[in-house]
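Each of the next two complexes has chain A plus one other chain: chain B in the first, chain C in the second.
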Partner chain A sequence: MRKQFKKAAAVLLCTATALSVLAGCSTQTEPEQSGSEKENTSETDHIVVTYLTLGQTPADLQEVQDALNERSVKDIGVEVEFKPVSAYDAMSQFTTWLATGERYDLMMPLLQDLNTYKEQGLIQPLTDLIAENAPYIQQMTDEGWTYASNNTMDGEIWSVMAVPNVTGSGGGFVVKKQYVDETDWAYDENKVYTLDELGELFAAIKENHPDMYPCGQTGATASYGYVGMFDAMGGDQATGVLMDTESTEIVNLYETDEYRDYLQHMRDWNLAGYIYPDAAVTDSSQEELVDSGVAAGYFMVSAPVQADDSEYMIRLTEVFQPTQAMGGWVVPNTAEEPEAAVRFLNYVWENPDIANLIQWGIEGEHYVVLDEEKNLIGFPEGKDATNSGYYNTLGLWGDTREVYVWSESQSQEKNDAYTEEAMNNPMKDIGVLYSPSAEASTKIAAITAVVEQYEPSLETGSVDLDQYYEEFINALKAAGVDDVIAEKQEQLDAFLKGK
Partner chain B sequence: MKRKEKYKKIRWKWMVPFYIMMIPGLVYFLINNYMPMAGIVMAFKKIDYSKGIFGSDWNGLANFEFLFASGQFGTMVRNTILYNGVFIIFNTVLGITVAILLNEIRAKIANRIYQTVILLPYLMSWVVVSYLAFAFLSNETGFINNGILEKLGLTQINFYQEPKYWPWILLFVNEWKNIGFSMIIYLAAIVGISKDYYEAASVDGATRWQQITRITLPCLKPTIITMFILSVSKMFYSDFGLFFQVPKNSGILYPTTMTIDTYVYNALMKQNNPGMSAAAGFLQAIVGFVLVIGANALIRKISREDAIF
Partner chain C sequence: MSDVMSKQGKIMQICSHIILAAMSVMAVVPFWLLIAASFSDTNYAVAEGYQFFPEVLSLDAYEYILRQWAQIGRAYLVTIVVTVAGTAASLIIVSMLAYGLAQEKLPGGKVIFALILITMLFNGGIVPQYMIYNNFFHLKNTIFGLIIPNLLLNGFTVVLVRNYFRSSIPGELSEAMRIDGAGTFYIYRHLILPLSKPILATIGLMEAVSYWNDWNNGLYYITDSNLYSMQQLLNEINNNVNFLANNSSMLGGVDPGALPTATMRLAIAVIAILPVLAVYPFFQKYFAKGITMGAVKG
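On to the complex of A and B.
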């Protein structure tokens, strides 16, 4: 009889499991229903919008939201409800929120891979929505301003980015002025230096400061992105890149002579003591090492904002215009008012004062205008960044060229010069994003793992190049990098043909 | 026949209260361990949230492919199983040894102090442990490189770039951290052994050593077997903290530090693909299940009364 009971228990458990499967089914379908039904009974459309913070929600957010709604309800009949969330939490939480069917009409997946959202059916295509509801954004797109609504995948627009106040990219090395001025190494703002010339600077600094590691820490981020010129069509650099602005051929970055040469420099510099010995595994950031006097600088994008008054920007490549897949405003599938959401985006992009309101708060209370010409603002008397009720430096709204700035070093003049340089030197793949097939994403997972394995040690020059470089390339090939590159090339060719 | 039925009824009645007491536990297991099992289907789906988990398209075994695509599956399985095997042996042997030694210490205060000191590492977070290891092993400030090798005039060792040292480092760190816990379990079992056996043995003139080998160890056998089966079920899982935090995820060390868990983490961190991670978890669970059944069958063959089921 004991056996019989066991049997009964087993049956019971099976039923329970089956029931739970059914339960899982029913909860899963629910959000879709609520998402598809629409209520357009009232005159004003209510939309729910994520509001990214750097960890702390501004105290006066409600006040700003009310001031915003006062105008937007009157002008376009849209009432906005901000849902504050820290940008760091957003990385892990957005997909979960959407997967559980939570309602959002506009969402900003900052620095996240849009393709994941698209592939998992989390967001809606925007092409038609923009054409019907956002004349200003549509106009900018038609005029060729790719950044107003780039991020095209499968021929559809998926997100709307804030218009950046500076675009373009290029390799550079940010270094503290004091160390350079001590040497007789000649610095020229506009010259493009070679790695050998940079090595001479390191040698000179090392001579003056034997305890220092001038090049600092190179392995924390994929450094070659700040040294060489390439573009990965919005995907990971490991999945194939264009090596210059003339090229239309996708190649394996790690196999190029340029990359091999860069690794050789890193190895030489590591042995010469220019690179921090624990660079491959340390948790200290590059800035920390510079601040504590261990390093003299670090590799960075050469945009003017990256170097402050105490630093030189040493350019290592020309300035060029890359594909930017930073993520932008997306309309999730859980949206109940997609038209109103896009209408609202159009409203903010068209009216810099609305963008200013969301970005910097209410004039007179949260900021005062110092110089109308230069778009320069400051804090009202007695207020600063710590006690202001509304100070959020994430610029995610509208045309940020028109939005106020706080300091002259961020002046639009410098930014414009850089942007113009970049605009005249665009990569050929601008306007298209790589959209991997299912087989390719399996391979990309494997390729990523290979890169994680070798890249930090190679890019910090921590290991012998002869031994590991070939091993690295072979492992990439074994993981199927050539197939992924071929697929990317196919998508690029299709895009170029249609252009 | 009739008698049997009557007996059955009585047994049932007698058992009812026990089953009622079991209900909270059963409910817990249902909610926490059985209901989520439905999610296993994710391993075979191409997840599309607009269609829902169960509505998404079937994907065959495609989600499993990434485990094999890089050709490193052999390395990570070998590492996972070998390390776990060695850890099981060392945990058991060292745990029992330390437990017996501690049990022999008669001074109460000293006993408590040793016990606490040995247990302390077990209570530390892996992140803290990884920095302790870093303090010993790093190039710039590490104790071994700067305090020992340099003073002796030997060449420094770049530990985080040399795979060959890591089996020993990982074994040492793992034992240092976990010995306290297995020691506590065996000590509890030893304390539970009736004093009568030892008194009888010492009256018969048994030495301390004989008491340990003839009384303590045989009495520990059920505990050892239970612990063994529990560890075997985790054979395909690895302690993520040990294999990820302590080697600082240094890629060059992967030949000796990569396990299934760290590979999955590194491969999927950037991809955010629930299907692939479900596939990896599914594989680990299946292998763990097979290993438990296998280990238990083996034990049942060797000594029937010690098998768990």
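On to the complex of A and C.
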């Protein structure tokens, strides 16, 4: 009996201890970790930074982080702690993290809508922080670079994006060289081809390879954005677009003749056997279709980086400069060291070797420089994609024009030429981002649902056009697309007037 | 009379065999397709779709798994540790709680029981739950994040086990032990537990399977790929491959070739279900017995 009583007492004691520990946690205002580390390093600021992965944290991340801290603590007194998270999870989780008060000093909401973060009060305006702590970024912004200022909302900068290595957009079709070279179809790098001319190429390829589907369009990735030319003022293409660089009139993309013509081509090509029969529903990527010899190519933005050495880029529109609302690095409201965070951004943007360190790892261990002039790197001996501890990371840091590349086809020369072409052909809405009212936001949700329902089957030519196209347009109108377009037009007019 | 009966019985027999056969085919076919597809050549699978009897076989997908064993083996280990530790902890907590509640004389027993029933009907919602586990218990990126939330204890199993204790273990037995001088814990350990093996095996299996198959906890509480479980790894690979495919125009510099192809993902899925398939038959004999025994008498 006594023995059992002792046991029971022990259990009770354990419970009590556990409870008191929990009580201790709940009364603490700060997470323990950051508190204790701050004490240890009173002179260096510790910042917590998201590190986006593609599902696998690089094995050598800790090593790279140590190498980075060795330099950044000495240079700017900032110590970085990377928190790995997969890019896909980031889409759904960042807002929860911030809403529940988790600490992050720098965060990368890749391909997410910054407006949501701003409206929910999750991120801080950066204009003053940049002016005080980031002289290099401030200077470049003053010189007219837009990688910070293109995320301006309500007169404040909200994020800083990596300087893109190529700017501009345009419709294109990437195709394996071997299939084109077999035919007598003439390829010219700078010529803008029509869809009819592209159809002739498909016919020729189909003749040489009857089992093949030349056009690797899939329902998941189909987008008129890779085929035609338009700009959606930083919003969804379903909410109204400008159709060319001279236009100032917002129209419904899906009602335009250009779009109808594109659908007609898709339908014809599908019936002619140029498109993979399961295209609307397949979960294979376009690259997979091409690599496995099912398709010859696919529609893609015509930037030179999109085609590798074995591919031609066929242009389908002229190159132009669209508005950009790509998101970028933000400083959440839960940040404890916002100044240090912005100071760190400035440090990386100013020093390409730091950006290289974060993106590609340690020289000699994770990569070797093959050609200093072309910024070309490769694997060190004995290493390859499968055994490198730091490879295939997302390029989210610094000035990506200065960051190393792995293939000559991505050389900066071609990128610069493309960028220059685009800069000379800007859309009229550059400098303003569509910011939907609450009412419009609800309608946009309904509109995108309609688009998701019809777009994959229409754009792969899988269904009868006469019947479903009309249904699609009517559904869009019922969802309120015209009201949204009118609101966007109003905002554009106000911007053009003030210019 | 007896002729009619047997005739009816025969028709009944034939019908139930047909229905059961159809259902087993429905259960087995997806598994077969999964296994067949994981052994087919990637290019062939993309070109021809997944076939029940692939013409071009390849072991590439399994070679990939061997190459990536550092990551996949780790995830395997995490899943095994979580399943074993979680199931054991869960069984101990559930059986102790149920034993207490099974005592008719327990003061406030009805209130406690009602509280448990309430958790079966309502929960706090995902954001408050996340806040509690993350901000107060600091479960994020620890192995406990995979064990404790949602799975450790659920009201349904407590009720099942309590009813089993009440209905299937005669009260006289524990009374007799008590008269002989046994304490409460002694009775629990030496009488109740041995007599309730069927129900414990049943809920143990249910819990083990839900731990094994869980990826939700991983989604919310684990961001470090060193702590990924098997299912989460698979989920992450799938989602990120699609994410990359859908956004490749904006994510220059990434090498999609370094990501696993469809057949490789299927092979990982095969590896992930193997242990469950292997263990299931051994527990099956307890399964039906345990549930019905606990279910009678409310």
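In the analysis below, the second predicted complex is superposed on the first by the 449 of 499 C-alpha atoms of A that agree within 3 Å, B and C clash if a C-alpha of one lies under 4 Å from a C-alpha of the other, contacts with A are read in each partner's own complex, and residues count from 1 in each chain.
Quick note on the criterion: a residue touches a chain if its C-beta (ideal position, glycine included) is under 8 Å from a C-beta of that chain, and two chains touch if they have at least 3 such contacts.
Bear in mind the structure is a predicted one, so any value in this text is a computation, not a measurement.
Contacts of A:Leu394 after superposition on the shared chain: chain C is touched, whereas chain B is not.
Legend: residue contacts after superposition of the two complexes on their common chain; A:Val368 is shown touching neither chain B nor chain C. Legend: residue contacts after superposition of the two complexes on their common chain; A:Met423 is shown touching neither chain B nor chain C. Of the two partner chains placed around the shared chain by superposition, chain C is the only one that A:Glu102 touches, whereas chain B remains out of contact.
Of the two partner chains, chain B is the only one touched by A:Leu122; chain C is not. In the superposition on chain A, contact of A:Tyr468 is made with chain B only, not with chain C. When the shared chain is aligned, no partner comes close enough to touch A:Leu271: not chain B, not chain C. In the superposed model, A:Thr57 lies in contact with chain C only, and not with chain B. Of the two partner chains placed by the overlay, only chain B lies in contact with A:Ala449; chain C stays clear of it. In the superposition on chain A, the residues of chain A contacting both chain B and chain C are 1, 25, 99, 278.
Interface residues of chain A, counted against chain C in their complex, comprise 1, 4, 7-8, 22, 25-26, 31, 53-57, 59, 83-89, 91, 93, 96, 99-102, 111, 165-166, 220-221, 226, 278, 283-289, 291-294, 300-301, 303, 305-306, 326, 385-386, 391-392, 394-395, 400, 405-406, 410.
On chain C, the positions that touch chain A within their shared complex are 42-44, 46-47, 49, 67-68, 70-71, 127, 130-131, 134-138, 183-186, 219-220, 223-226, 233, 236-237, 239-259, 261-262. Those residues of chain A whose C-beta lies close enough to touch chain B in the complex are 1, 13, 16-17, 20-21, 23-25, 28-29, 32, 95, 98-99, 113, 116, 119-122, 236, 276-278, 280-282, 333, 438-439, 441-450, 452-457, 462-463, 468, 475, 478-480. Remark: chain B residues 8, 11, 30, 34-35, 37-39, 46-55, 59, 62-63, 65-66, 69-72, 134, 138-140, 158, 160-161, 248-252, 254, 258, 263, 266-273, 276 touch chain A in the complex.
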